[in-house]
Structure formats: structure tokens, C-alpha cells
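Per-chain numbering from 1; labels A, B, C and D assigned in written order.
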Amino acid sequence: MVKKYAINLTVNGINYEKEVEARKLLVDFIREDIGLTGTHIGCEHGQCGACTVVFNGKSLKSCLMFAVQADGAEILTVEGLAKDEKLHPIQEAFWENHGLQCGYCTPGVLMSSYVLLKENPQPSEEDIREGISGNICRCTGYVNIVKAIKEASKKIEGAGI
Amino acid sequence: MKPFSFEYFKPNNIDEAISLLNGYGEDAVILAGGQSLIPLMNLRLARPKYIIDINKIAELSYIKDTNGGLSIGALTRHREIEKSDIIKSKYPILSKTVSLIGNPQIRNWGTIGGSISHADPAGELPTLLLALNGKVKVVGNQGEREIDGDDLFLGYLTTSMEKTEILREVYIPEISPKMGWEFVELTKRSHDFAIVSVAVLMSIDNAGKCNDVRISLGGVGSMPVRAKGAEEFLLDKAINDDSINEAANIASEEAEPESDIHASAKYRKEMVKVFVNRGLISALDRVRG
Amino acid sequence: MNFDGNFKFNAPREKVWKFFMNPDMLAKCLPGCEKLEAKGENSYEAIVKIGISVVKGEYSGKVELKDIVTPSHYRLVGEGGGLSGFVKGEVTMDLEEESDKTIVKWKSVAQIGGLIAGVGQRMLSGVAKILTNQFFKDMEKELTKEESL
Amino acid sequence: MKEYKWIGAKVKRFEDPRFLTGRGNYIGDINCPNQLHAAILRSPHAHAKIKNIDYSDALKLPGVFGGLTGGDVANMSDPFMTLVTVPMKYYCMAFNKVRYVGEPVVAIAAENRYIAEDALDLIKVEYEPLTPVMDSEKAMEKDAPLLHEEAGSNLCWHDTFPYGDIDEAFKKADEIIKERFTFHSYSSTPMETMGCIGNYNPAEGSFTAWSTMHVPMLFHMALAMALRVVGSKLRLIVPDVGGGFGNKAKVYPYVVLACLLSKKVGRPVKWIEDRREHLMACVQPPGRIAEYEVAVKKDGTILGIKEKLIDNVGAYTRLPEPNHMMRPFQILVGCYKIPAIEIDGYIVNTNKCPSGANRGLGLQQYYFPLERIIDIIAKRLGMDPVDIRFKNFIQPSEFPYTTPNGSIYDSGDYPNTLKKILEMIDYKGFRKEQEKLRKEGIYRGIGIVTIVEPGGVNIGLLSMSLGIPILSGADDHAVVRVDNTGGVTVLLGCPSMGTGLLTAAAQVAADILDVNPENINVISQYDSSTHPWSTGTHGSRFACSMAEAVAGAAKIVRNKALMVASGMLEANIDDLDIKEGLIFVKSVPEKAIPLARVATITNFSTALLPPGFEPGLEARYAFRFDKANLADEKRRMNMAVTYANSAHAAIIEVDMETGEVKVLKYIVLSDAGTMINPMIVDGQIHGGVIHGFGGTFLEEFIYDENGQQLTTTFLDYLLPKAPDSPDIQIEHTITPSPFTSIGAKGIGEGGAVPVPVLMANAIEDALSPFSVKIRDSRMNIEKVWTMANKS
């Protein structure tokens, strides 16, 4: 029988106790074992960033970590951004500025933007482009993503979040 | 693709890690940041039977500015190095070099020990380590030993560390504030593996002559290499456009790059000239600045 | 992927030739060679384990010695498959006498296929060079050891 | 232009909240009860016979439930139909022979993907390698290795299309310019790879397949025929698509593979392509060789062009190929009044991954030589390329303009587009500054390109390669339904893949029914068993075909509602109007009836309906484009619905030391006719430009001489990231199309098309002191460096 490892972690504020095979990737664990399919797989070799989540406060490509390593961790995924159906300012800014088209890279981009704005509340365009340099988008050409993150920084500053 | 199966261990301290490493030897691999190892596992190029995850060993993550040099724990994340004020002020070349690695996600989790022991010739840190005359402290069941940067890299992804040793610390000798420095690299896209990378450190005596210079080249062979010929040429010389140009030409001769689909060997050799030139000029500005 | 080069053995040609034709020596010096079993006239079944750091692959297949012109020329042809793809290659050897020393001029042509070719792009030529140099260094080490016997 | 409230507004997209909160419904998120996961063992050889397959050990692995090989496929299904007359057997897996590295050889179904991939290691396949051929010209030589024995040659199609008096043109020419161009292969690699679920229902002998095909019904027939069922027994469902760009619009072999594997193991089978499989075996647009001969007069007038076009379509000529050759027939003469043009087309098979659609589908390949030749003519005649364009432009007064091969350009003002962009980029000012900078050793260049963007597709295009053009039509269907609460449902025949067509469709319905778009639900998941017919989402056809279908259906519903209301309010139908879901008598506004009540009457109190009135407030409408004609005896045909026009201009700087190219300014002047949602239009242009930018500087599918693929990860197939992508400035002029009710023109692909040729023009301009000649579409860093340092 396949060896399983017990892990205990919180995802979007909810605590889970699960058993996982060692090789199960964290992104597969979030999608299949926790059932949150907002985090997407784009390449499985750490290049596209579609699987980006926030792991203990830092952005992480969840295809470059095994679920077993997440024992005791606190994870935030795209499903955890909006609070009781009220969109997070970043989500609002992406909606208002057409910062997404097919939506497949969007969860990863949102999580990178979330951490970027926490670390640098007033980023320049260059800071923004560097901040999402780990996320590839094929639909938007990044123009409206950069605009959306800029607008989000103003919203957040205004709302004092 | 999905990774092959393996057994997973998460030691609490270094001794536990070492005994695991010795117990499983050839088929065991250390997992730190995973940013280089896990892509190889997901592509099923690497199929280790045992993974030893050292992320719980907090004692391996530190930045200590002792007298005479900087000690960085092998498990220290690139991001912490990038944001460290002590490094920004006393080792600015390290601060800039680390900021060129991968992207925010990779820098959050990739470790200095991981990237140096992975020994990718196009990686930023192996190249920089040589220019800094840095060395690594490795620990095994025969205790701890030091390996100088020059003796560490043997070839592509290959170091002189034993299979049963763990890299514990990277040590960088103090850099005098009077020293000019620069780290420049040519990449097709921001943060790609370098086509060519150059690390330069240089100081000038008050007669305007060069009394210390170190140039190391990345991406131009199976391992990073010090351009010793160019260094010797510049020693005791006045640093001006001509001497810089000549040094760049010599350095280019010392590079033995391979061709691949991204750049030919001929192009890489020419780029060594361009970037050694740019590195020296910028280092010179900093000396005078 | 093709390479060439030469390697100087300080031993007379007959000795080096006999050495190069001796399967046990080849088995010892071919990097990662775990089995070289004769299967006929100058034809062997081989299992080779090649690896660079964590990337290891086991290739099984056959090795043949062809166009043998004693004691100056022959062609070693190898072909093998494994989990990460297949390797097909040949090395032509020309042994030239230089007073009491021998210069082995070699030319290798390698074709890599499958997973390793598509993904290992950046490491292939580097790895091939390391393995070839290692092969000749080991051969010389064995030769000098035998010399001293 | 009619006064619209919603059409023309930058409405926030209705599909966004789902994507923003992680509630997208992509193929990877869909699971069937009792499903298995498939993994595929792929050929490591580019060309080899399959001597033996043994997957018995794989079946013994715990968690494995079955496997499929080419042999099974040949028994259980028929080869896919193709659009070439030469016989060629193309199955969803290799049968007897592998023809490209990555071709599926064995598929395994297991509990999860991890176990399925473990099982692949236990399979033994014996190959007899054959010599591959990779180059299209070598593949046509007599003794070249033959891919398809039954076809007899690797040249699977050749035809010549003369239009206008070619000989006359070349007789009157002052200069004849001969040039050879090459275009490399790059694709869109959407962030979501391909994927499908196949489910065979033995009780009904029917298949249900979920897949990311954004052109389901164009190829539904081909898939059903392959699976040996009638169309009604193959139900195709398309959930949210994570970017399509045409790459997911082809005869999709893996749907058949999953369906057959499901039939064999008796359980649904889910297969998700991983990135390596996508880069090796999904779709690689054809590399092209274009040999041009141009007849030109001294004053720059172009009299005629002869083009020899050779497309390398890879191992199989897969539907929709040879569309890279045929689709550009929509715009053979570009913006220009070229009276005579001849296309001599060759489609060649080689041991590469089969080609297929990719954003632009032949237009970037076609415009590269056409817009390069303009700059080459200018240099040869010592004129400014801009003047050559003004000289040859079709003039605004000449619309609708019929081109030599039958395209009917609806409307446009090409000189005005070019004039505007020259002002925006300050062309004169740049030329002066360029001279000054060169003296300081700074080499900058400017590129200008003007193109016509075809919108919509006359499906007759696909039959042009069959010799006798039998197909025609650029129609589309939509259903609009008002329910008893006044909510509106819209069903389209085309899946959404991120291009915002769900929101745009709602805007059209909202304007015609005058209801708030919030109450409109345009169904996002396509289902062939319930949705109306359509060829799908391709060829920039939403704005001109699909939008018209929605408008037509909404108008019928509006009239039905007014007819019922006129009875209920005892008022003449002409005296009625609708405002925000309320039908009222214009002369006596307080006499009104809500749309919801009218709908309820049509469903629950049909006795009150006027005689002959069909119950239900719903309509299915098929927009039929009357100019989607049948090709005439000279094979002239109008192959698009609308013809938008755009100019792209860029200023670049070449780093002479390294060959790096920095884009200092990128401007697009787009005339897209009426813009249903300008925000979405600009988004399409942004994405398109960066697609072209990546294709020009970074992306290429590279093979070695033995047919091994060297770009199988994102470490070697390089996509532009945010720091590498230039900002893009977009301005618009609006010349509505007279051929459609809304006047909107399709522009989904236009942004991507001109970028390679624009960069070639700009770089050649920057390096003109070194008389550099750019004839190939690749501008990677080393190539530019080589050109910059040739002297």
C-alpha cells in the first residue's frame, strides 16, 4: 500500500487534517483533496505562475511544493480573497479595468498582486511588472493587468486595508 | 507530468539530516527551496527514492555579519538576502545579484545553499561566489569542512561535495567599501538563465592603478570561471577604456561556451567582451563615485 | 551532437590497441557501464547508468566494434533505450604512433531522443563532453596501472 | 448610426466575477463519477515503424484499468476526413508507424494521473527507426523519405490560382522584384492546455465528450464520422476555455482517443494535456517559404504579384489545414489596388507535429512578405514606403471594392488611417531625430504597416482546396428567450474562450429589447445537444456574424412582445415602445405592460394571444450573409463578412553591442467599425500585439536534424512576461460596415498579425546604414546582433 503522511493546515481560514501521498503536488492537493479549483495548473515546471497561492504570507508556485511540506502552513487561495461575497479591492480593480480575459491565469496573478501590494503599497509601473514577472498571461498582453494593479493600490490606500 | 513516488523525511536538525543522508546515500536528495529540484522531478528527469526536507532546520537560516566576513545559512531564502539592510550596505553586489534571480515566487522560496549546490553555470550565485572569493561550509558524518569557491564547482550541476554532505553555510569575506563592483547579465527575457553573466570587483590605489580585480563569468562553460588572464592583465595598470577593452578581449578567450538553441558559442564569446567591458566601466564609476 | 579531440597515451600503439579492444577495459572505463556482455563477434549487450547530479538514467542496448583495421582504426557503435529516451552514438578512433607514444584521434557523433533531448537541451553537450573526457582519463589510468604491473 | 444605449458602452464583463473568485468552470475542474485518468506514451522517434507493443506489465500495476493502441483505434474508428484529395490515414494514435516525436503510441487509463504515468514506464515498444525529413523543400524531392505510402508523395496538395491579367502586368512593369521570404513556426500556447473527458454510454451507443474545442460544430461531423456514430449520438460540451487563440480549434484527436478508451474500459476517461505534451504534440503552425515576384512601375504602382507559397504542415494534413494557405485569400491584395495576383500553393508533409489554427491563421504568414515588399519597392525606387502605400491604397470612394479574387471590401478609409498614425507617431519629427542620433551611434528605426483585417468566414474557404468549391455561407444562429419574470436567456452556437463575447451578446440583446443587461444570461457552457448550430468561435467572426444572429433573434422577440402588448393595451403596434422592460403606448405613456407579463401570457394564457401567434416569447434566428457567395468558375469568392482596417507603427532602438531590440513606442490605429464594447476591442488588440511580439523575438518550435523537438518546456519555448512587454497605445476611427445591421467588424486576430513584419520593417530601417536585408521572420537577439555587426 502507498505510504501516506498526515498533514494539518489552514486554507482560507478553514483548518483541514488530511493524509497525502508524499509525491502529491500541493496544487493537486488544493484542487482535489480540498476541492478549491480556483488555483490552476499551467505547466508543472515552475514557469507560468497559474498555480500561485499565498503560503505563510509569501507568494508560492504550488506546483513546486509537495502537499506534505504544507503541514502547519497557512494558505490563502483566490477563493479566500472576497469576504462574504464582497470583492477584494484588487478583484474590483481587475473587473473595472478589464484586467482579465480567459480568466485562467487570473487567480495566480491576483495572488501575486496581493503579496506585491502588501510589500509595496505604492508600486511604480516597473515595480508592478517585476512583481508579476512570475506570472504569464497570454490574453491581455499585461497592459490592463498593470493598470488594474495600479488602480487597486489607490483603492487599498483609500480604504486603509 | 507528475513526479515519481519517493519516501519523505523531515529531520528536525542537521545531525538527523546527515544520518538520513548516510543511511540512504546514492538514492537520497536534499530538498530545500525545491525551485530547481522539483521541476526536474515533475518532468521525471530526476527520480530520487528518498527526499530529505531540511526546511524545518531553522538553525540553517541566518545572516550574520561577523568581523571579516558575512555568514549566510544555506537555507536562507533569496528574498531575505535581497531585503537585508546589512547586505545592501556592506555587500551591495550580493543584494543586486540576488534580485536578478528567477521571479518573486522563486526568490521567496529558493535558497542560497540550494542554488549554489545545484551548480548551474548560468545561475547568478555560483558565478558571484567565485568573484567574492567566497567559500562554503559543508557538514557530513566526518564533521565539517570548508570548500573554496574555486574548488567547489567541477562541472555541469556537479560540485566537489560528497553525496553524504550537506551545505551548511556560505561565507563571503569582507569587501572593502572602496571596492567598485558590478553584476551584469544578458538574458533574452528578464530573469531568464543568463546567456552570459559577469561579476566584477575592483579597487584602485591612489596612484590610479588597479591593485585588486576579480572577474568571474557565468553561462560560458559547464561551470562558472574566473577570468584570471584578464585579472592579471589589469593588475598594476591604469584603468581606462583601452585597458578595459583589452581585458575584455582576454576574458573572452578564457570562456569556453557551448552552443544551444538560445545562443551560439561564438555569440556568447562576443558577449563576454561586451559585458566584461560594461562590468568594469560600471565598477570603475563606483570606485570613483 | 558531434565532438572530436585527441588524447595522448604514453604507451606504444600495440599496447593501446590491445587495450582498446579488451571488453573488460571498455566496461571499466565506459562511464556508468554496469554490464558489457559479449553476444557475438565484437558485439556486446550493455547496461549503462549515466547521471548528472539528480538526473540519472539507465540505458540498456548493444555496443558493436566495426571497421576494425588492426592496430590503427575502429568504430565503436552504441545504441540504447531507457525511461528518459534513447541514445544512439558512434565513436571513430584512429591510433597514430608518435615515437613510443600513441595519439588517439577520436570523433564522436551522438543522437539523443525522447524526454532527455527535449528537456535536457541546456545540459546535453556539457554532459557529453564530461563523459567523453572521463572515458579517456579512466582509460589512461587503467593503462598506466597495467603498465606498472 | 442608430442611437444605442448598451452597444458602444465599456460595460464591465458579466463573466468576470466567476473568474475573479476562482469559480471558473474549466475542463480541469469537471469530473464524472467513476471516471479514470489517462496518460499517453509518446513516440521518441520522428519517423519509425512500430514493430511491437507490449503493455501487459502496465496492466498489472495496481490502479490501472486498461489501455489503447493504434491497433485498437484502427479497429474501433475510421481515419479523420481531410481537406486534401490525396489519400492519407490520420488516426488519433499512431498506427503501424510513428511520424513525429510525441505522437501518441499507447494510452493508459488509471485511477489517477500519477499512476497512469507510472504505468507508461512499464510499456515496451519496439521501433524500427526510419530516416526523418524535416525541411519542406527536401521533403518534395523524389528520393525523400515518404511519410504516407498511400499518398505516394510528401507533397499532399498543389494548386494554382491566377487572378486578373498576370502576363499583362509583368509586360508593363518597369521593375520586377524577386525576393524569397521565410516565416517560422510559433503558436499561442494558451495558459490552459488542452483537455477532454470521453464518456461512452453502451445503453444508447452514444458518446458525451467535454472538451476545450472552441470550434465544436465545425469539426463535430469529422469526429462523429471517426467514431462511427451519427452526429446526434456525439454530444459535445465546451465549458469555460482558458484561452483558445485557434490552437483548440482543430479536429481534436484526443476527444476520439478518450471516447474510444472509455468505450474499451467501460468508464468515463479524463485526459488533461500537460505542458510538455502541448508543446510537442498539440499544434505547430506551418513554417512557410514565400517566393515573390512583383511587377512595379517607376512611380511605385504595383501592377501584379506572383507568389509561390510552400507550407510545412507536419506529419498529417489535419482539418482545418490547408487553411493557412486558403484563409489569406480573404485579403490577397491587402489594402492595395493590385489588379493581378497569382498564388502557386504547395502543402508538404514532414516529420513534425501537425499544424493547425493559431491566432491570425495564415494572415501573419501572408502579410510578412506583402508588407515587406512595400518597403523593398520603396528602397529600390528611392521612395518613402509611406508614399508607396498612399499611392496604391484603395480609395474611400471605391467601396464596396471587389478585389481580383472576389473579396468584397465593405468600407474603409485607408489613407486617413495612415495619415492619423503618421501624426500620432510624429513620423517627420522622428526622421529628423533619427539622423541626429545615428551620429551619436544610436540606431533607432520606425516601422509602419497597414492591413485589412477580415472578420467572419465564408466556409466555402475550406472547399477551395478540394478543387471544386462546393461550400459557402457565413451564417450564425442564436436563440433569445424571455421568461415569465422578464429575465432574458441567450443561447449562442459559439463557446466563449475569454474574448468577452458573452458580455457583447448581452449588450446587443439589451439594446434591442431595452432591458437591463444585468437580467440577461448568455449561457457560457456550450452544449451541442441544446445550443443552436454555428461553426464556432474563430476567424474574428463574433462582431459580424454572431452579433447579427443575436440582434436578429432579439428583434423577432421584440416584435412578438409588441404584437401581444398591442392586443392587451388595445393600441396600434406602431404607437408602442419598450423602455427598461416596460412596453408602453407612446401617445399615452401610463398605458403600459411589463415585458414579464407579456411573457407570462405567451406561456400561461395562450387563449389571449392573437390568431396564429406561436406561444412562448422566444425566437431562433439564423443570420444569413447574402454576400457569402459560391465561388465562380474562376474560383473567385467573397470569403469574409466584414473588412476592418488598422495601421501599426513602432519606434525601436537596437543595442548594437548585444542585438537587443527595445520598443520605445507602439501605436495601433484601429478602424473596427461600430465597437460593441470598446474596452473588449482594445483588450483583444493588447493581447494580439504581445502575441506577435513574443512570436517575433522569443518563440519558435525548434527541431534538430533528427526530428527531435528541442523546445518542449517553457524554459526553451519562451513567452513574453510583463517586464519584457511594451506598453501599447490604441486610437480608433469608426467606419461602420454597410453589410450588417450593427456595422461592427471582426478584429479578434488583427493585433497579432502585423507585428512580425512591423518589427522587420523597423529593424531594417534602424540598420539601413549597414544595408541589412531582412527576409526571415525570426528576430531573436543573436540574429539582430549578427545583422548589426555584419559590416
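Rule of thumb we're sticking to: a contact is a pair of C-beta atoms (placed from the backbone, for glycine too) under 8 Å apart; a residue touches a chain by one contact, two chains touch by 3 or more.
Since the model is a prediction, treat every value here as computed from it, not as a measurement.
Among all pairs of chains, A-D has the largest number of C-beta pairs in contact. Note on chain placement: the centre of chain C and the centre of chain D lie 50 Å apart, centres being C-alpha means.
Here the CA centre of chain A is 50 Å from the CA centre of chain C. With centres defined as mean CA coordinates, chain D is found 30 Å away from chain A. Centroid to centroid, with C-alpha atoms defining each point, chain B and chain D lie 45 Å apart. For chain B, residues that reach two or more other chains under the stated contact definition are 1-5, 43-44, 103, 190-191, 193, 261.
Within chain D, contacts with two or more other chains are made by residues 114, 274, 276, 710-711, 713, 715-716, 721, 723. Shown for chain C are the residues in touch with two or more other chains, namely 83, 115, 119, 121-122. Which chains touch which is summed up as A-B, A-D, B-C, B-D, C-D.
By the touch rule above, chain B contacts chain C in their complex via residues 29, 37, 40-41, 43-48, 118-119, 121-122, 155-158, 193, 222, 258-261. Residue ranges on chain B touching chain D, taken from their complex, read 1-5, 43-44, 103, 186, 188-193, 195, 261-264, 267, 270-271, 274. Residue ranges of chain A in contact with chain D, taken from their complex: 21, 23-24, 31, 36-45, 47-48, 50, 77-79, 81-82, 87, 91, 94-96, 98, 100-107, 110, 126, 128-130, 132-133, 135-146. By the touch criterion stated above, chain D contacts chain A in their complex at residues 12-13, 15-24, 26, 28-29, 114, 188-193, 240-245, 272, 274-275, 497-500, 679-680, 682-683, 686-691, 713-715, 719, 721-723, 725, 727-728, 751. Residues 1-8, 10, 31, 34-35, 38-39, 42-43, 51, 53, 55, 79, 102-106, 108-109, 190-191 of chain B touch chain A in their complex.
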